[in-house]
Amino acid sequence: MSSFIKNTKEFNQIVIIETDGYLNNEGGEAISAICYEKIKCGQHKFLINMAGTKVVNSIGVSILIEIIEKLQEVDGKIGYFNLAPIVSKTFNIMGLTKYSTVFATEEDALGAFNE
Amino acid sequence: MSSFIKNTKEFNQIVIIETDGYLNNEGGEAISAICYEKIKCGQHKFLINMAGTKVVNSIGVSILIEIIEKLQEVDGKIGYFNLAPIVSKTFNIMGLTKYSTVFATEEDALGAFNE
Amino acid sequence: MKKPSVELKLPILPNMELIATQTSEVIARHMNLTEDQTGEISIALIEACINAFEHSQTDNNVFINFLIEEDSLIIKVIDQGIGFDKTKVEIPKIENKIGKGERKRGWGLQLIQELMDSVEFESNSDGTTVTMKKIINKKH
Amino acid sequence: MKKPSVELKLPILPNMELIATQTSEVIARHMNLTEDQTGEISIALIEACINAFEHSQTDNNVFINFLIEEDSLIIKVIDQGIGFDKTKVEIPKIENKIGKGERKRGWGLQLIQELMDSVEFESNSDGTTVTMKKIINKKH
């Protein structure tokens, strides 16, 4: 497993992935590998805890767009929490926030995804 | 107060100083300013929590040697805990560990200083 | 007195753009920039470096110059790559990328322009120079 | 193929040595060095930079070159300062510094030599070049 993935857990049918370090091409692919695997097994709610990710690049974030697209096919969704302000800003500029949600905390995220 | 000093507290006549960031000249002087002030008021046991200090330079560490010297005059002592391995190694090479003690944790440090 | 500058020469290797951002963070602290501005510069710089790396030969280098001015930070990212015509680059929209099997990438220039106060491109077949400027909001 | 190198040109400003260590940390990660070796290089480099800054004119620059070899990392710190005679520098001992009103400083060269695998000094009145080498222990 890539060292970019710090931890993966499941909770109430929600997959929560915790990242660590630079979200680049490799980091994005490490996330998508997990998501695609879990989608095959019938999961379709994903949350990413990005507390450990202080810096991203647009290639890594583009891979999140691929995941969003894939999730539309299965009526799934993805969200993020614990984002550094600049990561949140980058997601905004790229428009991810039109198709997925940035939450402040894990609690907020789980609350919304459990509905 | 310098932003290098994250927190200062007193506990059982022991002054505990928590640092944050690069221990350079300025950082060293921020520590010594507190120590000299407290020595004037009769304190002479000091512990430094260096969890937030991942990098040091020899000028900053030399100021700790000045503090050790000053503490000898008042029969006081100084110790450190939560050191990054390279900080601990630097203290060893410079010989600080002959005149002061590196502890693994706050608990160990307080235990030894309370005796 | 001469204005202080920091210059980097980076090889084309994975993640070397992090040297550029780490450098910009030290400079930002020196200039007493806000955390927001520091982050904006970091991401813009990463994107400019990735472009420079991606369109260069592996034996080339990428040069990054930071010019510390009184009220701004000017950063030049210089490559010896194949060059490009900025006017031909489409502005990306996520609506056009999702559900259409389109290439998801193409955000670098857009991010640079949104995150910096001014950006200039000089490009020809010998390479590209991106000049980005951040006007300083001092902390407090 | 040419060996990859990273080159920095730093101005004489407070804490600019952190650019050098941040750079060495990115390179160390690229080379898959252990945390111990990464830290040793960081501190040695800080000390070499501080010396270079301290003995240069403020209008000068300090140059740092990292040469990434198969089994070692070679770092050169080059200043245009006043130079010095390494053989005249005393080896510091804490016993001689405590309780004697002596200057507490004088540890930089000692740290560099203890932390790196080999160190060479070339110095004359036009400046000093310190060449330090770390032989790589790969992780695992």
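Per-chain numbering from 1; labels A, B, C and D assigned in written order.
Rule of thumb we're sticking to: a residue touches a chain if its C-beta (ideal position, glycine included) is under 8 Å from a C-beta of that chain, and two chains touch if they have at least 3 such contacts.
It should be emphasised that the depicted structure is a prediction, and the values quoted were computed from it without experimental measurement.
Path length between chain A and chain C in the touching-chain graph (shortest route): 1. Chain centres were defined as the mean of their Cα atoms; on that basis the chain farthest from chain C turns out to be B. Taking the mean of the C-alpha atoms as each chain's centre, chain A and chain B sit 42 Å apart.
Averaged C-alpha coordinates give centres for chain B and chain D that are 25 Å from one another.
Under the contact definition stated at the top, not a single residue of chain A touches 2 or more other chains. Among the residues of chain D, those in touch with two or more other chains are 15, 18.
Taken pair by pair, the chains that touch are A-C, B-D, C-D. Interface residues of chain B, counted against chain D in their complex, comprise 22, 24, 55-59, 61-63, 65-66, 68-69, 72, 84-86, 89-90, 93-96, 98-99.
Residues 15, 17-18, 21, 35-36, 39-40, 42-43, 46-47, 50, 92-95, 97-99, 104-105, 107-108, 110-111, 114-115 of chain D are the ones that touch chain B when the two sit in their complex.
Chain C contributes residues 1-2, 4-11, 13-16, 18-19, 22-23, 25-27, 29-30, 59, 68 to its touches with chain D in the complex.
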